[in-house]
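Below are the structure tokens for one structure; questions will follow.
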Amino acid sequence: MNIILIPILLPLLTGLALLLISEKTKYLKELLGIGAAAVSLLAAVNILLVHPAPLHHHWLGTAISFTLIADNLSAFLLLAVSLFSLAISVYSFSMPNKGSAKWFYFNLLMTQGFAAGAALSDNMVAMLFFWEGLLVFLYTFIALSQNTHAAKRTAMKAFLINAVTDLCLLAGVTITGYIAGTMSMSDISANKLTLDYGWSLFAYVLLLIGAVSKAGAFPFHTWIPDAATDSSAPFMAYVPAAIDKLLGIYFLARASVYLFTLNGTMQLVLMSLGAVTILVAVMMAFVQKDYKRLLSYHAVSQTGYMILGIGTLNPVGIAGGLFHMINHATYKSCLFMTAGSVERQAGTGELSKLGGLFRAMPVTGVCFLIAAAAISGIAPLNGFFSKELVYKGTLDTGYTVFFLAAELGSFLTLASFLKLGHSVFFGARPEGMKETKEAPFSMLLPMLTLAGICVAFGFGARFPIEWFIAPSLAGMNIETGLLWGFHADKLYFVSVIVILAAVMNHLFGLSAGGGKPSKSSDHIHYAPVLKETYALAERKVFDLYEQTMDRVVPPVSLALFKVDRFFDWTIDALPGGVASFFGGASRRFHNGSYPLYMALTIAGAAVYILLAGGLK
Amino acid sequence: MSTFAMEWYLIAIIIFTGFYCMLASRSIVRQLIGLEIVSKAAMLSVISAGALTDNLVYAQALIITMIVIEVVVVAAGLALLVKNFRLHGSADIWKLDSLKG
Amino acid sequence: MTYHNLLFVLAAVFAVWAVMAKKLLTSAIMLASLSAAVSLIFFDFGAPWAGVFELSVCAGLITVLFIGAVSLIRAEEEKHPENRTRFYALPLAVAIFAIAAWFYLPAFFDELATGRQMAAGGGTIGLALWDLRRPDMLGQVLMLAAGVFVIKSVFPRRTENK
Amino acid sequence: MDKGLLAYLLIPLLSAVIIPFAAKNRPKLADILANVTLLAGLANLAWLALRPSIIRGEFADIPGDGLSLLLVAAIYLVAFCVTFFSAWFLDEHLPNRQAYYSLILVSVAAMCGVVTTTDFFTLYVFIEVLAVTSFALITTDESSGGIEGALKYFFLTFPASALIIVGIAVMMMSLGGLSFESLRIFMAADAPAGTVTFAAALMMLGFLIKAGVAPFHAWTPDAYQGAYAPVSAYLAGIVTKISGVYAIIKLATLLRFFDGRAQAVSEMVMFLGMFSIALGALAALKQTNFKRMLAFSSISQVGYIVLAAGLGTPLAIMGAVFHLLNHATFKTVLFLNSASVEKSAGTTDMDKLGGLEHSMPWTSWTSIVALLSTAGVPPLSGFWSKLLIILALWESGLKTYAVLALLFSIVTLAYFMMMQKKVFFGKKTAAAESSPEVSAPLLAPVVLMSALIVALGLLFPYFYTYVKMVAERIIL
Amino acid sequence: MDLPVKMLILAVAVPVLGAFLIPIAARVSTTARNAFAVLLGLFTFLAAASLFSTVLGGQTASWGLSFPRGFDLILHADLLSVFMASVSAFVSMIILIYSVDYISHYENQTEYYLMVVLFLGSMMGLVFSANLMWMYVFWEMTGFASWRLVGFFRSDRDVAKANKTILVTVFGALCMLIGIIIVYFDYGTLDLRMLHGQAISYAAAAFILVGILSKSATLPFSTWLPDAGVAPSTVTSLLHAAVLVKIGVYAYARIFGVTFAAPDAFSNAVLYIAGASALVSAGAALIDTDIKRIIAYSTISQLAFIFLGLASGNKTAFIGAILYILMHSVAKGGLFLCAGIIEQNAHTKDINKMGGLFSSMPVTGVAFALCSLSVMGIPPFGGFFSKFLVFSGAAQNGNLTVLLMFLAGAVMTLLYLVRLFYKIFLGEPAGHNNPKEGSFTMVASVMALALIGLALGALIYYPSAYAELLTNSLGVNLQ
């Protein structure tokens, strides 16, 4: 058996096996899940190192075969997926708020298996198969994580948003496959498509919708904050923070770099999308009052950087985007894990009720600090380097406005993490949390590992780039030297300014908010214009999903229903009415009157004789 | 105009009279009388046609049969009339309009 | 206007009279007169057998039947006499029909007459009935049987009800 | 006249004459005598039909044109079903019981005369006999409706007799004879046919009136609705079909409509046929009386036969003959069902009925079989005959007629579905509770006929061969 | 006569004739009747499935009964007919098993079994007929059986809907008969094997299409199908999902897919009709509140996708359509049977009166969810592949409008199914007392269908290879 199948089949089979295990068994489920994830990780490492032979299998008829290829990009992605799966499995070992353990691990393993499949698939149909297959587990993951109606509703929202955009992806794949004449991505990349004519542009746009929606970018992101409230921390750490970003950005890069040759217009579209995502989400994140919810908006916001990076279409930007993808998964998972720890230990995620936990939970606090610094782009952590690459790429395109937007996003990111960190780990500890202790080891280990990676990829930024990213972009002739290490650059200067500005803002906010760190964003939250905007956002006016469901779907379906009723009328009431008319006329005519009948007979006979009798 | 045409012209008028009677009359007796008038005219047409083609014997044979039929038909009609009269106390066929729709 | 045609006209007049007569009894008698005229026409055509049958059966038997029926319903008929306006219109209608038909019916009948096929003629009425029209005799038998059963059926013998 | 079939005419006549004497004081004997007579005829026919060559589908030794024999069989079958049904249906104290059976037997004899005769005047004579017996049969139960129906039937169909006589006069004059054969020979020759066509047109008009083809249909619903229940079945099933429709088919074949010698008549007949189909079907839609609806349905179905006869091609004649036969089966079933309903529920007003299938399953199911056959739902017999008619129309290029004829099947189905909904198919109602299934002897003829409908449909190739033979013999 | 031919005849004759023996079996005992009916279903399925070995070996089996004027009854087993027969017979068999419990609460059970088996037999006859006239004959027989079955509950409303059903479908069938007659006079034969590859006139194609559209409930004849939802769930399932509406689709595949070369403009018109149908009925499904009506609208909408596949005119789409028939039969059958369990135990069909049923009927809920996912076309369920291939073929057809219509249709499919599932199983309970789970056989039947949907996704190679073989060896005028 080809080793390439292990990361896919092992989690899937283990997941199915879990379903057979009784809920009552202790630790068996958890251990099985962790074991499968660990073995998968080993296999992934192996795959990255040896690049096993592609696997072909007859699949959908004879025309479309099931092909798995581990090229640099996909092997790298597979490694990331496996790593995060293992981390979350371990982390969830003693995490109570994850719903039924059996179903949690089932969902986790299935997600892992399908994500690995999507990463390894060379055939677009196979990729789509795994990609869309994730939908089911996305739904069950959210729906089963809490036993509330809100969870079900959010699960439905997540499912519908992703399913609709996946359908777009499906259509895009079919058109791409048709114009390329093949479904194999490696074949297409050998002979890339252009956006010259309508169909291919249409195809790319559909693929783009699928990819950015999976990555959780604006305007398809709205389920993520909801999920943050209605589902568990491990889920947030795993799916929206890690797996979805990895797959979405992976396929965006695939499509933009390997499948299509993009043009300037599309570049602008992508970059705008990235910038808008950054700003909109970070503005929302900034004013959040809930630990996970705040993080979830950041998860959206950070996607913007990746899209911006890939949208630059220059090697530096793309490398930055991909690097940011892996970095983001690392620190955002880590952050969600800290959120989970805090929630488990302190019993709440509301910022106003938390405070001063650093002493009680020093390891968690340290992990938080590292990850928060990384996400805020503070040197020398990994986030800094990837963001720098994205900035550089953006500047290279000449669109300074996007650079400024990204920097503004950076500023707000840092500001919001200052608020978050201050609220949770510093300041006065509330009365009820005197007894709070550090999280158990099984939760700390993955956090520490991820924090460690943040640091390692920061100081040793050349290693991930050299090992993973540069090979992934092998065709682009990147001057790898440019991609890592410290270069004397005006960007450092800018970043220092941003950091200073953020700190000042925080201090100003603290004083304005009466010294309460959780209110340190109120001066922006309740600023003129913004206040109204935020109020609207709270009412979900900007939520594409809610608006569509409330404003578009009912009238459209009602109109279609009316059309349906019209056709019903034409086949039911109309012929019935016509028949009734004739039948009624006949009933009135046949009134039993003998002279009428006699006249009819004689007149009929006369006409008959005149017409047929030859009586000219 | 030949005699034949004249005969048939008058036959047509008699038939017209008979049908007019059936159309205009309410009384079942007059209906029967109209019917008789029409069948008389029909007999005349047969004998006239027989005479024209020198086939009188054959025509007579037909007419004898027709007379037998006529008697039975009239008897049946009158029987129905009487039965109707016993049932409804009237011989007005226009009042018979209970079957309709 | 020959004697022959006059008989036809007479028949037509009797027919109109039979329709227009105020009393049903008059109508029945006029019908008998019509039958008599018809039988005269038969004789005139040289069809004595038909004439005899017509005179005896139609002018005789049928008239008796009619008079019987009329006398049965006469009381009711006199109580509710028919609206006679329609019958007064008959001569007018006949006249209109006659004038309208005059223009093309005779021509049409002439055309019919030209298409005639002469028959051999001859033979006796008995032979004609027995040899040529034997199935008709069967039909007559059936008809008579039917007539009997019709009367039996319409006027059943009631024993239980009384 | 076909002498081989004379016995089928004479024996019922004999029996009819005997019945009043033999059954004078024993009314039940009338039932037995009538049934035995008809059954004997049927047995004889069966004995004829069960010869190996016939079973193999070789009809070479069928006497005459084959149509007479077929129709004699149909007449006997329907008449037997009706008498058998009547034997259990008739009121114990019905005063004219003997006359009733005698009349049926006389009309059977007359119908045999109609289908075996080879002469127009004889045809007329037998048709008159048939008419006279029908008037009396309709009034059997002495109800007011019966009298009304009979009187309307009597007077509204009378113009037909006069027209037929005038037609006979013209034909005698222009053809020199009245036999079918002479007309056939004349039409096959190339002589100018104006006067003969006029004669035929007059006779055709008479037959159209007798057949109840629209616009001469006015008497049909009244007569069928008013008639004594089993008599409705008898009239609709066979009597008017023989007295009118058979004559139309016969005349159509003799006039050789298919080679266009009498095109004006042919077109007129087809038009009237189509008109009947439409009028009957549409009028039936809103009926509330079971029997009246069936009567309109009958008009509509007769329209199909007349349409095909008016076309007159061999295929059309095959369709017409086959449909005539089918009409006899399914309309008998439906009318006998209506009689059962009347006996059981006491009314035929559909608005007062409902859900009868729960208490009268046999009646309900046989009515379904019959209605599906009427509406031309395969594989029942009605489908094949309609198909032949429509194929014939299409083949002759009359596509509009073909499409219309086909689409009026849906109207047929619609009113029958309405009838099913109102009478049989539905929740158990008070009416259903109080109307038990009729006794087995009343069901037997209906079930027999239903079986025949299915059999005629499934054995279509066999009957096709027969009907084809008939069409070939009567046209060529 | 060799074995495949015998099996072919038996596959048609046993259910058709056996159906009429059911009343006799009912005289023996209820159990005997039920067992007999199920056995008939099982036998039919086995007989049809046994023909796979013949057709996969590149052979066909034919049997003819001579009828006059070229209306011969020809039974012909080829790749398409065996596929269709097996799918229908399989789902019918499941339905019969399910019925044993489901229908035991109601009256008229004997008639029910008779009609279901007769329906099955007619369907077998229909798919195996290689003569258009006999196709029509069996077509009408199915219509008759469905009439009795839709009116099963006998209330005025039921019977009115039953009448509507039969009138609409028979109207269509009559139009189809006109088309058949045109074909008959154009070519002098109705033997589909001889007509293979011929061109067909627009008039004939249009008339036949009316029949197909009415039977498979596509605009403008669609609404009889939701109205027929008054029937027992097994019937709606049988009628809607597995068999009746597939008749139209099968006829389309048989007549325009593998027999005649349909004109391009005609196929395009079909695409637009199907697109409109998909949208309109999906919209209606979002408005309606009756569980069975919603699923019926969903059926209409999904059938449009099959038509999209069949009419796109290329092999990919055709393969997709064939797979779609399979997947949709299984999944939609499951949905209707779930609806049956819910309806029977919750005593309502109004989804607003349900809510939160998942806790009390989890197995049904899971089966419902799995079947819904298959209908939505979510992997790893079989529905994904069929939807993908159909879209793929539509893309190859190059008609953007049609593609967008169907994309919108697919989106709305997601919406109404999720809405349905949410309203029934999740949502706030609305005044019901937690109805119980269905009986074992009923639940097992729905679960079996759901799992089969899953298995078909996992083992997609076999059905897709079969569909491809079918398309390659039989398809006419496909790119």
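The first chain written gets the first letter, and so on, giving A, B, C, D and E; residue counts start at 1 in each chain.
Methods note: a residue touches a chain if its C-beta (ideal position, glycine included) is under 8 Å from a C-beta of that chain, and two chains touch if they have at least 3 such contacts.
What you see is a predicted model; the values in this text were computed from it and never measured.
Considering the contact criterion stated above, the chains in touch with subunit A and with subunit C alike are B, D.
Located most centrally within the structure is E, per distance between chain CA means and the overall CA mean. Among the remaining chains, the Cα-based centre furthest from that of subunit C is the centre of A.
Ranked by the number of C-beta pairs in contact, the top chain pair here is B-C.
Put simply, the C-alpha centre of subunit A and that of subunit E have 37 angstrom between them. If each chain is reduced to the centroid of its CA atoms, subunit A and subunit B end up 97 Å from each other. Centre-to-centre separation of subunit D and subunit E, using mean CA positions: 42 Å. Here the CA centre of subunit B is 65 Å from the CA centre of subunit E. Shared interface positions of subunit C, i.e. residues touching 2 or more other chains, are given as 112-113, 116-119, 133, 136, 139-140, 143, 146-147, 150, 154.
Taken residue by residue, subunit A touches two or more other chains at 587, 590, 592, 594, 598, 602, 615, whereas all remaining positions touch fewer.
Chain contact summary for the complex, subunit A toward subunit E: residues 58-63, 125, 128-130, 132-133, 135-136, 143, 149, 152-153, 156, 159-160, 163-164, 167-168, 170-171, 173-175, 177-178, 198-199, 202, 553-554, 556-561, 563-564, 567-568, 570-572. The touching residues of subunit B, counted against subunit A in their complex, run 19, 22-24, 93-94, 96-101. Within the complex, the subunit C residues that touch subunit B are 2, 4-5, 8-9, 11-12, 15-16, 18-19, 24, 27-28, 31, 34-35, 38, 41-42, 45-47, 49-50, 53-54, 57-58, 61-62, 65-66, 68-70, 72-73, 76-77, 80, 82-83, 86-87, 89-90, 93-94, 97-98, 101-102, 105-107, 109-110, 112-113, 116-125, 128-129, 132-133, 136-137, 139-140, 143-144, 146-147, 150-151, 154-155. Touching subunit C in their complex are the following residues of subunit B: 1-14, 16-18, 20-21, 24-27, 29-30, 32-34, 36-37, 40-41, 43-44, 47-48, 50-65, 67-72, 74-76, 78-83, 85, 89-92. On the side of subunit A, the complex with subunit B involves touching residues 587, 590-595, 598-599, 602.
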